[in-house]
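Which chain is which? They are A, B and C, in the order written, and residues in each are numbered from 1.
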């Protein structure tokens, strides 16, 4: 993929364990997965079955994403791994070390420096660029599964583009809460054809999927499915004409970097109910702080109550 | 009389279905005209459910044909349609009222959404309109719209059946299949529901095929009766004629074995 | 009243009817044999004959409630001939909606429907506006002395006589060109019997062709223009 020579990139070649094949998986498996990926790219949003392998970590920890990453990564690539937006959580650190260990690739926390970004539950705030690949870890790939337990039936529904049932879910949201309360894993139509589950990213990130210059790949290890959104592909979130799709908004900005345009996590800071909102994307936040941006002092803040929409959405 | 110029809505010809070598139904032919309600009666195992499943395209028969007067292209063989066309037909121009509402409803979504689903499936994308239609149909089946956001599992059997009926009618179908629609209900609820069905079928000019073993239900709802036995039709005619002056030995037996039809 | 009633005629020719009882070894009970009868519009014909002669059976054959074995039943209406015995069920249903009525003394109660709705019911498939239909129903119910407080109740709990009168009102709601009457006045008191006589006369004067069975000779004399005798057949040995 593309060469990266950035100072923030750590190239820990010494860690590499040469007892494994490059990137852990054997070459035949990687070929098989690449074939599935090619098919997925050719049919945007369509779930392609693949022979998911046992990985040295349990299902639910990103085995699908890891297999996709292992199949596409090359020695020249630079890998970034995030978990809920953060580079420094256990899952992110483990997966980053896994590839450093088995493939000897360079790793980074800088979004712009990465050629491959494996993510759990977020899309980085920094806009992606052509040539980058975003690999999502997907727990349940089938968006219709919540109402239709039969795989044979959901496949037929995809084949015949029978997606009315998905609106039933949005209907129920509105009739129960007065607005579409689905906040994560918000269903989308890819390229005007396939209904897709964007893995549990917040709907805040849905607009970023649309027409993105990066290639987006989705891997579900337990469910043995791969799907993709090729660069510059239309991704449309479902909605009603009188209840259009909306992303979450906060009254506050990030307490650390002052960003008003990023996805915020709520952090409880004491036993008295004190809390603050900070960027979920740790790299984005750090970069802004390095550039001198600061959040307001929490003591100066008005009562940090998110707007009512948010209460329902994060519930 | 005008029957020569009329086109049937549904034409069943020599319909036969075998389960391996066991007869489900054999050589059944009839025409159903717009506005007509056909009752199919017979005891358990007589083949009436097999017949219903075949003509409602839920099962492909081993022989014979079922043609339907589609809105777009006139008479078409059901099993010559693509699966997409057939499924579209089933959820727009047709309805199917199951004996057990659980088979016809999504128990995990509200009554309103159950009805709205058929509209959303054909492209309705304005929430308020969908909700209004749902409420309208719920009130037409005499269902308290206050409860439209509740789950069907919190309703009585009679109420569930009303929701199922509303769900079927919301797309303005022309043909309704009913499989013992009042079968699981107690007598007083059954009477009210029958009355409602009778009214709706009359008002909307629906065609219907009703499978029942209850001759009183058949008399109240259907214009015409078909008596089945061993997979074959043994007698057919005007409902009150078949019930009051049955010709076939089996029909006579059937009519004489109930208390009062 | 209804111009459609002019030019109606009912013709029964060579009609035979028997019942085959399969439960009893397939024995055949002949009931009617070679009946001929013609009724014109504006005429009321009374069927006479001993009990069991098949008078009711004849009416039911005409109404297509019973199948006939041989012969023909034809109804001429506005220049069109309807062949009752060979008509498709849906044609019979269409005829029953507007052209041929049948009044018996027994009301088949439809659960939950008020007396008023039951009487107005037959007008629903005709082009009669709803309020007009209800007006007609109210008129009939009050002429037949059904107390007004009962009109909005389902007749299931009414007395036998009240149910019978509701049924008569229902039978006269539509101005059928052909009306069949199976002992409509049985067990009615004098007062109500006279109302039924009036109703029959009005229908006849409006041009309907009526065929009836009236055991009450007073009623028969009051309404019948002509008698047709139905002879009992010899029991099948």
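Observations, loosely collected:
Quick note on the criterion: a contact is a pair of C-beta atoms (placed from the backbone, for glycine too) under 8 Å apart; a residue touches a chain by one contact, two chains touch by 3 or more.
Note that the coordinates shown come from a computational prediction; the quantities given were computed from them, not determined experimentally.
A comparison of C-alpha centroids places B closest to the centre of the full protein. With centres computed as the average of Cα coordinates, no chain lies farther from chain B than A.
Taking the mean of the C-alpha atoms as each chain's centre, chain A and chain B sit 47 Å apart. Separating the centre of chain B from that of chain C, both taken as means of CA atoms, is a distance of 32 Å.
One simple way to say how far apart two chains are is to compare their mean CA positions; for chain A and chain C this gives 78 Å. Across the complex, chain A is touched by residues 83-84, 87, 106, 108-110, 112-113, 116-123, 125-128, 130-131, 148-149 of chain B. Only residues 147, 156, 160, 162, 164-165, 167-168, 170-172, 174-176, 239-243 of chain A touch chain B when the two sit together in their complex.
Contact residues of chain B toward chain C in the complex are 1, 3, 33, 36, 191-192, 194-195, 198, 202, 220, 223-224, 237-238, 240-241, 244-245, 247-249, 252-253, 256.
Partner chain B is touched in their complex by these residues of chain C: 19-23, 26, 60, 64-67, 80, 82, 87-94, 110-113, 124-125.
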